[in-house]
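A, B, C and D label the chains in the order they appear, each numbered from 1.
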Amino acid sequence: MSTSPKDARFDLVISGGTVVSSIGRFKADVGVRGERIAAVGEGLATAEAAVVDASGCYVLPGAVDAHVHPVHAETLATTSEAAAFGGVTTMLHFIYVESNSGLVESLQAAREEGEATSLLDFGLHARLTEVPRRLAELPAAVEMGVRSFKLFTAYRSRGIMTEDRDLFRAMECIAGLNGLTMVHAENGSVIELLEERYRARGHTRAEDYPLTRPPDAEAEAVNRVAMLARLARSPLYIVHISCAEALAALVAARARGQEVYAETCPHYLTLTADEAMPRFGTRAKIAPPLRTQADVAELWRALEDGRVDVVGSDHSAFAEEEKTSPQGDVFAVGFGAPGIETMLPLLYEEGVNQGRITLERLVAVLAEAPARVFGLPRKGGVAPGKDADLVIFDPAGTKTFSDDDLHGRAYYTLYAGRTVHGVPRTVLQRGKKIVHQGRLVARAGQGRFVPAKPARSKA
Amino acid sequence: MSTSPKDARFDLVISGGTVVSSIGRFKADVGVRGERIAAVGEGLATAEAAVVDASGCYVLPGAVDAHVHPVHAETLATTSEAAAFGGVTTMLHFIYVESNSGLVESLQAAREEGEATSLLDFGLHARLTEVPRRLAELPAAVEMGVRSFKLFTAYRSRGIMTEDRDLFRAMECIAGLNGLTMVHAENGSVIELLEERYRARGHTRAEDYPLTRPPDAEAEAVNRVAMLARLARSPLYIVHISCAEALAALVAARARGQEVYAETCPHYLTLTADEAMPRFGTRAKIAPPLRTQADVAELWRALEDGRVDVVGSDHSAFAEEEKTSPQGDVFAVGFGAPGIETMLPLLYEEGVNQGRITLERLVAVLAEAPARVFGLPRKGGVAPGKDADLVIFDPAGTKTFSDDDLHGRAYYTLYAGRTVHGVPRTVLQRGKKIVHQGRLVARAGQGRFVPAKPARSKA
Amino acid sequence: MSTSPKDARFDLVISGGTVVSSIGRFKADVGVRGERIAAVGEGLATAEAAVVDASGCYVLPGAVDAHVHPVHAETLATTSEAAAFGGVTTMLHFIYVESNSGLVESLQAAREEGEATSLLDFGLHARLTEVPRRLAELPAAVEMGVRSFKLFTAYRSRGIMTEDRDLFRAMECIAGLNGLTMVHAENGSVIELLEERYRARGHTRAEDYPLTRPPDAEAEAVNRVAMLARLARSPLYIVHISCAEALAALVAARARGQEVYAETCPHYLTLTADEAMPRFGTRAKIAPPLRTQADVAELWRALEDGRVDVVGSDHSAFAEEEKTSPQGDVFAVGFGAPGIETMLPLLYEEGVNQGRITLERLVAVLAEAPARVFGLPRKGGVAPGKDADLVIFDPAGTKTFSDDDLHGRAYYTLYAGRTVHGVPRTVLQRGKKIVHQGRLVARAGQGRFVPAKPARSKA
Amino acid sequence: MSTSPKDARFDLVISGGTVVSSIGRFKADVGVRGERIAAVGEGLATAEAAVVDASGCYVLPGAVDAHVHPVHAETLATTSEAAAFGGVTTMLHFIYVESNSGLVESLQAAREEGEATSLLDFGLHARLTEVPRRLAELPAAVEMGVRSFKLFTAYRSRGIMTEDRDLFRAMECIAGLNGLTMVHAENGSVIELLEERYRARGHTRAEDYPLTRPPDAEAEAVNRVAMLARLARSPLYIVHISCAEALAALVAARARGQEVYAETCPHYLTLTADEAMPRFGTRAKIAPPLRTQADVAELWRALEDGRVDVVGSDHSAFAEEEKTSPQGDVFAVGFGAPGIETMLPLLYEEGVNQGRITLERLVAVLAEAPARVFGLPRKGGVAPGKDADLVIFDPAGTKTFSDDDLHGRAYYTLYAGRTVHGVPRTVLQRGKKIVHQGRLVARAGQGRFVPAKPARSKA
């Protein structure tokens, strides 16, 4: 072994920080060679390598946001920019397939669009409708690296609800392809009926909205899809669990030995219907709706003790006209709220600083678990061989969220006025800084498509 | 930065292996400087560093065996030697305090004996009897790095059972010192009575023994001590859970929000009373006793899904005359069986190779979790700053266990005849080989006492 | 008070028997005046009254069979005859409404047919399809004394499955009318799909049939309709629960405070798929299907401890050609089996004689509970003011069931060859003998329609 | 049959009331011949029989109070008088056996005292201490009709706590005699310690008292004794369950298939610690202590749905000096409060009138269930052959409880100021009026000892 390769053994060293994983934390440099982490260790800095000083900071794996909607007011370009400022380095977003388009054709187009415009690396989930005719297209989707398929038990009138029969068939097909079934689980029939009634009676204020989507309607659907998944032998990922009842239904499935994953979102961990609906009005219309303080407390406990596996942002940025209506009719506006940029610092503040979860656990739910569940072995951790997707997180930094200083196209945030202690200082993707000290230092289009591999198999 | 330090930056490099943690596995070298891991990364080998070739092997953190009894036929020297051959690099053993000795005095003596004779690094648990008078000695024990205190709800006649009142007081005291309450949880009253009856009736065969310690007696005690721990606000570690009923009681405590840890042992995962008692007779007398196939299956599931946190060996090596009696009277022989040397390869074979748990999870329960729970931040993982306690594990190696080739002083093994695929090839402690290719390459007395720090606090 | 009325105070006295209710048993005569029980007491027999000697016998309230299908090979006349021989004195049967008929019109026709042809008193359940258009007809149905409405979550292809949306609306409507929602709860989508597949693959033997209707599909539907009932604030009666999983879902609803009733049937308590499908072939095709021995055991436990409220026969008597197919195709034959005549003696033998339930509990589930749940205050008990619907049950009588000695039009029984110890000796309706010592002593057409009152309200 | 016996066939007729049982209610007369009910029916009144007009009233079985302490300020004479005014007609009270007395000797003395002084019929429970030496005396106790034995898991310092070992032995012995194990279940060790501490710190106000007996200490003990009962195969009756946690432990035992009975008391259904301790001070010291509103609500639900089987009064009447202390030290006063006279009307008001339970259910828990559980087949119901122990209960009567108008020797009531709508108008024992329109119309000493028979066996 000659000494010359040694001299160039790292292109970049993140120096002096505390590296964090779900297992623990330790002071170490991170040596980057090309796009990947080459080593984690002490005293890795050399004269030859560029050095980023991380003293006093945590070195976290970039967040893998498994639940992103880069649509409405946004493009993938704008969403990924907001994400990067929030410490997200990989986005998994949902592709909506038009009825007259092919599934794979749509996915390919999304891949190309992403490669052309995304600031961040990205993977794709396919939104699956028109079952069973779409099922024949699934093998090709898996072939190109899309293994997660999202179905809905709600929104019949919008044409995306899948009835049990087809849900079951889809699950069987997905299971056979070693994929993952994702479900938006609420009982669409009940919700639809309640909404019709509220509208008919003119009960259309923001405060009325949560009453049209009761917790039982969510819990029922979770139980149902879990049973279907059991019969179909499919792994199952329930997106955006919002309440204790739904979580209990999922935990019961796990106790039966099923492979089921629970995702919740920042808003269910930090907002309640009673407070947020009067304050934010139609802007706080999210589905499932915001719930109670008891649900918030239970979700934090579940996040810490492992019952909830993943936090995803469910980010949706609308233009103001899409989230408001002349008469304040909550049913006339879109579902969702922005949240990708605030996710990491918000959960650090409300979770770690408030003592509800450890930083180790936060890394698990924002990076390790989504990377593992969605088959992205090079993402989600600070370890040799992984992509150098890193967040240098300054626990001494502070920031007060406001509507005005968000990136992307969101015109408001539900966290306006909240001060967080702890912010991303520098964000790297594959070894390159993309955000540094509050400024974007990379260009859209540098993101790459990350094909999903089968989730980690046993042994 | 000069180039010269670089040349000597590692004293030893474990090269070409696959490093495993609970998070995942990746191919990387491990660079050791002095006694610690300095780096984990690619291409760390240099001309200056000694190299251990780990190609084709897993590089695992040495096991932290949290449940060791280096007594009976053995000394700490012999137990630690057997342990090392089994891939254990840290032992936590129980110190029995004589009535006329001081607790700290006994711990100090144990520490000194260990430093003089142990091959392996070690920590100490104090067996706590004579509550409440001993409680005044606890602060000093904690001061010297002993934070885990074991109490018994059984063995009244042997003078080590603690009644509820004193158990509660001990828990309060331990909680106040930021320590950990460990409990051997079986209802001693019931057991004692049943044993008396079996003896009186002459039902003293090995097969009779399990019937004197029914699962309900274990589950009852687990529920009771969990309730006491809740009232006393103490974290709780239940040793050697053997059956589904007891595990359920512990899981219920966790669902109430308590900090409770569950340990099981290799024998409860691999042996049943029906098979082992006739075959091994009094040699298979262990407390709690071996259970049923249904319990074995449930414990494996619980190990994989996180309900069980730790596997400890509960190793006890007796001389043959201590485990046999002229009339085969099972009640006349000692409790326990050897198992420290076989633990890792046995669980790799029965767990990982059989597809019951992942290797990642095995590393979690044998190394990461015990190190975290017992406050040993430099043990239990392969990461910069940690002690270079490593096992180079060859999944292609095979071995058939037999009574004759065990180390230490155990004269038999309950796994005789079982062939395992996967064996430790080289074991290192703090950067030095101690076992290599089947031979001991270190001397007793090199082990160090490892004081326990408070368990990882939140954030 | 003169003495003369005294002389005629009873028209009939059942003398010397042991009267049984859920509360207990006591030796007493039963004095009947006109159609009703006038007194229960000692020494009621007088010279003026006719006397039926019940010495050595139990005097039970006639069974109220809440689950009868007097169709297929039968008419209400034949079914009620078979029922009477089995100790049933009130039948509640299901009225199927043709699409082009009115609900009330159909119920009226059924009432008239029953009054013309039924041997026994009867009430009516309305099978509710074509929701929502039928809902406007419900008030009139309730007005005429039909308060229980049965919906299906299965059988889409047969046009009787109600989707969640309409199920919910129906429940709301029923609740508003102080009625009772009955549901056949299996997930029709899953079943339909599985059946299609089995057919397509030619797996059409009787043994294949149970595999197309898995327990999870039943449990899922029970959970779903219970959640819908909770949201709709409707009491709920789940018919023919067949397995432990479904029962658990119902018990969970009860623990949430819901008013839910569980019915099971004699075949789920006495037959298993493994034994019955090979032996009886397509004749044992029942929906839900027969299950396992573990389910049988759990249902008996639940019957005794109160988790199951009612046993109904689900009697369906087909002609042989309707239950057989040339190729033995199980999917080509009808659902159901006869059971009304065997129900009481079978459950007495398997339940009471085998020590699984008390006779008191048998009276509760066969008479008291259905009368209470379905609002028939004059039925279901031996007490003053109630109709004198009585069974003189001889515990010393024996009988061996066979295909040949059944009444009605059933051509087989699934209990052929079973010997029971305990048989109805005499059956009375409203004070008149209808079956006596194995002979019919009344004519069809004497039955009366019994309108349902609201179920017993609190206090 | 001549007509002459008819004329004398009833000595007394309760005429025109509505008879109530757990099954339902019906208008009927009750004909009494001698001491027993001879018939229940319509138009039983004759010129020859005395008639008590019950028009507009309920005719209930007299309450069987299974939990009475006729001690402290009272004698059996005074307690039974208070009881009679409250609609109780059978008392089961606890016999305390002195260390130097024989168990049976004490029971015989109690029987004789009761026969000499009790206004009401009575049975006896034996308080069992000094296990194992007392066990040899149990067969003779059973022989004389005492089958229920009460043990304590608390009150070590008062010498009545039984340790697990002896508890288990006692249970085995009781089970072998077909008796019933009753347990006061709280963890005495924890309570003792907490009480010592509160005293040492001078926290001795009434409000402090409940904190020394936490719900977990009760739940733990219930779980423990249930496990012991399971191992000993003994039926188990837990007295005075006060909280949701303890009830859950008992329900879990039932789900394991155990024969366990739950008793609660009027105070746990109507009072909370937060309200009662400040208001009533040391007079509200009861063990287990009063709990929270959530516990009250859960106990009512459990009473209605069958999880709680029996309500007993736990009546204890102290002299004022026994329930007060100069410094208001709650630990210096006795445990318990009076409640036997108020029990029935209080539960009617708070339970039936408030819509929490039905009157049918109230009859079940106050009369039917205790009679069945404790083997008193002639008590607890209105049916031929049973003793004519009846309460003519006037739902239109009202009363406002106050300290001044109680009978017996209680100097206060915890229900002072509460107005009830519904009161006992007339109370009969074995056919004779003992209380009528607010006046005592019988003499002490008319009560008889009622030996316990084995509880109703299956079938």
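Worth pointing out:
Note that in this section a contact is a pair of C-beta atoms (placed from the backbone, for glycine too) under 8 Å apart; a residue touches a chain by one contact, two chains touch by 3 or more.
It should be emphasised that the depicted structure is a prediction, and the values quoted were computed from it without experimental measurement.
Number of steps on the shortest path from subunit B to subunit C, with steps defined by chain touch: 2.
On a Cα centroid basis, the chain most remote from subunit C in this structure is B.
We define each chain's centre as the mean of its Cα atoms; on that basis subunit A and subunit C are separated by 52 Å.
Averaged C-alpha coordinates put the centre of subunit A at 59 Å from the centre of subunit D. Separating the CA-averaged centres of subunit A and subunit B is a span of 38 Å. Of all residues in subunit A, none touches 2 or more other chains. Under the contact rule defined at the top, the touching pairs of chains are A-B, A-C, B-D, C-D. Residues 1, 3, 5-7, 9, 19, 21-24, 26-28, 31, 33, 37-47, 254, 257, 301, 305-306, 352-353, 355-360, 368, 372, 377, 381, 383-386, 456, 458-459 of subunit A are the ones that touch subunit B when the two sit in their complex.
Within the complex formed with subunit A, the subunit C residues making contact are 163-165, 167-169, 187, 189-190, 192-193, 214, 216-217, 219-220, 223-224, 227-228, 230-231.
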